[in-house]
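Chain lettering (A, B, C, D, E, F and G) follows the sequence in which the chains are written, and residue indices restart at 1 in each chain.
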Amino acid sequence: MSTKAIRKIVPLLDRVLVEKALAQKTSKGGVLLPESAISKLNEGKVIAVGPGARASDGSLVEPSVKEGDNVLLPDYGGSKVQVDGKDLFLYRDDELLGLIHH
Amino acid sequence: MSTKAIRKIVPLLDRVLVEKALAQKTSKGGVLLPESAISKLNEGKVIAVGPGARASDGSLVEPSVKEGDNVLLPDYGGSKVQVDGKDLFLYRDDELLGLIHH
Amino acid sequence: MSTKAIRKIVPLLDRVLVEKALAQKTSKGGVLLPESAISKLNEGKVIAVGPGARASDGSLVEPSVKEGDNVLLPDYGGSKVQVDGKDLFLYRDDELLGLIHH
Amino acid sequence: MSTKAIRKIVPLLDRVLVEKALAQKTSKGGVLLPESAISKLNEGKVIAVGPGARASDGSLVEPSVKEGDNVLLPDYGGSKVQVDGKDLFLYRDDELLGLIHH
Amino acid sequence: MSTKAIRKIVPLLDRVLVEKALAQKTSKGGVLLPESAISKLNEGKVIAVGPGARASDGSLVEPSVKEGDNVLLPDYGGSKVQVDGKDLFLYRDDELLGLIHH
Amino acid sequence: MSTKAIRKIVPLLDRVLVEKALAQKTSKGGVLLPESAISKLNEGKVIAVGPGARASDGSLVEPSVKEGDNVLLPDYGGSKVQVDGKDLFLYRDDELLGLIHH
Amino acid sequence: MSTKAIRKIVPLLDRVLVEKALAQKTSKGGVLLPESAISKLNEGKVIAVGPGARASDGSLVEPSVKEGDNVLLPDYGGSKVQVDGKDLFLYRDDELLGLIHH
């Protein structure tokens, strides 16, 4: 729907830009699932990672995740930002719960 | 109910992935227990442990528990995550109350 | 009432496992005391002590109490856990108010 | 409307002076957009940057952004100040979420 | 009223055991004072002092008061404990306001 | 209205004594402005500056502003004091938002 | 009104004992002032000063004020104590706003 050029977000400090996974609305076989069967998804893919928080000695603390990682997200927290029609979320590195390996 | 491949959660930082023990609904002899006799369980098994929190000098602080440990859980806290139909819980290492040796 | 083997709780970090003293319901001479005469007890016996909290340099800070100590407990705080039918309480070492010498 | 000479704001410490982007009220083709189609804008341009916060050793921590940067702003926070008829916002460097590259 | 042996409380860490001064209910000349003339007393005598709080380097910080000191108490704070029929109060060393020299 | 000798306030630590700019009640041309046209002023002049906050090593951290500076003030915060009939405000150095150069 | 011997308060740590200035109820010329003309006084005289707060290395941080100083007091804070019929106030050194030189 957006026709303007794609913008690139570079998170600051220890922030991580995440695209949440969408809940499946149909079963594997294509049958439409009732609302109650769609579990709340706490999964996302890392789109971009900031340089890291500053340690007390001024050095940067490397983030725990990297671009492309599948991450487990907390129920609360994160700042929603709209980038080119997509809802993305910014979390602090420390807020991410875990990595998901498929 | 889930047919997708098993996913593996690797906790980040000092987080610990725990599977709560299920309350027994039958007595040792097999008799169905009334609800009031089922004590609230604060016990779980450690499924996976993160690398540890970062100390102020950047080094990692080794977690107090390891995979397979039986742990005493606090009444509150922990983030519920659903992994392949199972309810699992992520706690920070510091939130776990004790180890249970049977 | 419990027939399963005795479980042993080993507190984590600076936690202390305490069994609260029971309020006397009869006087020294055996007479049943009215409710109002039974003072609220803030006394307990230490059952087990964790290895201690971690100092900022990673070393362990030795707890102030040891197994068997009689301790003065705060009015609030502590996590109740049920172990083999007994109500026990976990306090952080720092929450305990004093030692009681009889 | 103001006729007095232009004033220059120099932010103190780690503060960043930001001019928020204005929401487009017409579509690219010039059609007036209904209110609901105007997304809340979290984008701004950095007008001026303070010298940085003081580290515990007294040295200054260089801010993460510089004059002219396009920044992603949080939904809440920031102090509105009116300078020569324009609404500007002061954020602490740490509150800014990310850089936006067009 | 209590017949059991006297118990001795040894405060832990930086806690101080204080016996509050009782408000005089008669004037110096023995006349019973009306309630309004009895000022709220914020004075107490130190009964026992803990070994002191732990500094960040693990050493103990010596408390500011010692057994027998008359101390000025804050209006709020302190944990009431009942020891052998007497109401005593435990304060953290840092909560005590001043020493009173008669 | 006050006839007593002028008192001098010397702020303590990192406090800054500020005299707020008065809102103009007439336009440049002398026409009385309606209330709605008088913008809330967040501008003041520094009257006196304390020696600075103490750093953790005991040294003083030099304040960011000096006597005579025009400063941008936050909407909230600051302690109002009345000195010789004038309302002055004390801010902590860190609360001041920016310097204003005319 | 008090006949007991004068008691001396020695503040602990970084506390400062202050006697608030009394609001003038008559004008300089002796005319009784209406209530509205009596400004709330935030001025006091330092009666006694504690040895200072403890720095993280255990040394004492010298207080910013000394006995006899006229100090500017915050609107809130401070603990009222009654000493020999006088209302005195204890502030932490850091709470005092400024020195007043007449």
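We take it that contacts are C-beta pairs under 8 Å (C-beta built on N, C-alpha and C of every residue); 3 or more make two chains touch, one makes a residue touch a chain.
In UniProt terms the chains read A, B, C, D, E, F, G = Heat shock protein 10.
All values derive from a computational prediction rather than experimental measurement.
Enquirer: Looking at the contacts, which chains touch chain B (Heat shock protein 10) and chain E (Heat shock protein 10) alike?
Expert: Output, common partners of chain B (Heat shock protein 10) and chain E (Heat shock protein 10): C.
Enquirer: Treat touching chains as neighbours and tell me the shortest step distance from chain C (Heat shock protein 10) to chain D (Heat shock protein 10).
Expert: The distance in steps between these two chains is 3.
Enquirer: Figure out the least number of contact steps between chain A (Heat shock protein 10) and chain D (Heat shock protein 10), where 1 means they touch directly.
Expert: When the steps are counted carefully, the minimum from chain A (Heat shock protein 10) to chain D (Heat shock protein 10) is 1.
Enquirer: How many degrees of rotation bring the Cα atoms of chain C (Heat shock protein 10) onto the matching Cα atoms of chain E (Heat shock protein 10), given to the nearest 5?
Expert: When the C-alpha atoms are superposed, chain C (Heat shock protein 10) turns by 50 degrees onto chain E (Heat shock protein 10).
Enquirer: Between chain A (Heat shock protein 10) and chain B (Heat shock protein 10), what distance separates the C-alpha centroids? Give it in angstrom.
Expert: Centres of chain A (Heat shock protein 10) and chain B (Heat shock protein 10) (C-alpha means) sit 24 Å apart.
Enquirer: So how far apart, in whole Å, are chain A (Heat shock protein 10) and chain C (Heat shock protein 10) when each is placed at the average of its C-alpha atoms?
Expert: 44
Enquirer: Need the CA-centroid distance for the pair chain B (Heat shock protein 10) / chain G (Heat shock protein 10), whole Å please.
Expert: Distance between chain centres, rounded to whole Å: 55 Å.
Enquirer: Specify, in ascending order, the residues of chain E (Heat shock protein 10) that touch 2 or more different other chains.
Expert: Each of 56 in chain E (Heat shock protein 10) touches at least two other chains.
Enquirer: List the ring in order: which chains come, beginning at chain E (Heat shock protein 10) and going next to chain G (Heat shock protein 10)?
Expert: Cyclic order starting at chain E (Heat shock protein 10), direction chain G (Heat shock protein 10): E, G, F, D, A, B, C.
Enquirer: Show me the residue ranges of chain D (Heat shock protein 10) that touch chain F (Heat shock protein 10) in the complex, using the header's touch definition.
Expert: Interface residues on chain D (Heat shock protein 10), with respect to chain F (Heat shock protein 10): 3-5, 7-13, 15, 17, 48, 50, 54, 56, 58, 79-82, 90.
Enquirer: Could you list, by residue number, the parts of chain E (Heat shock protein 10) that touch chain G (Heat shock protein 10) in their complex?
Expert: 28, 39-40, 42, 55-56, 59, 61, 64-65, 71-72, 74-75, 94, 96-102
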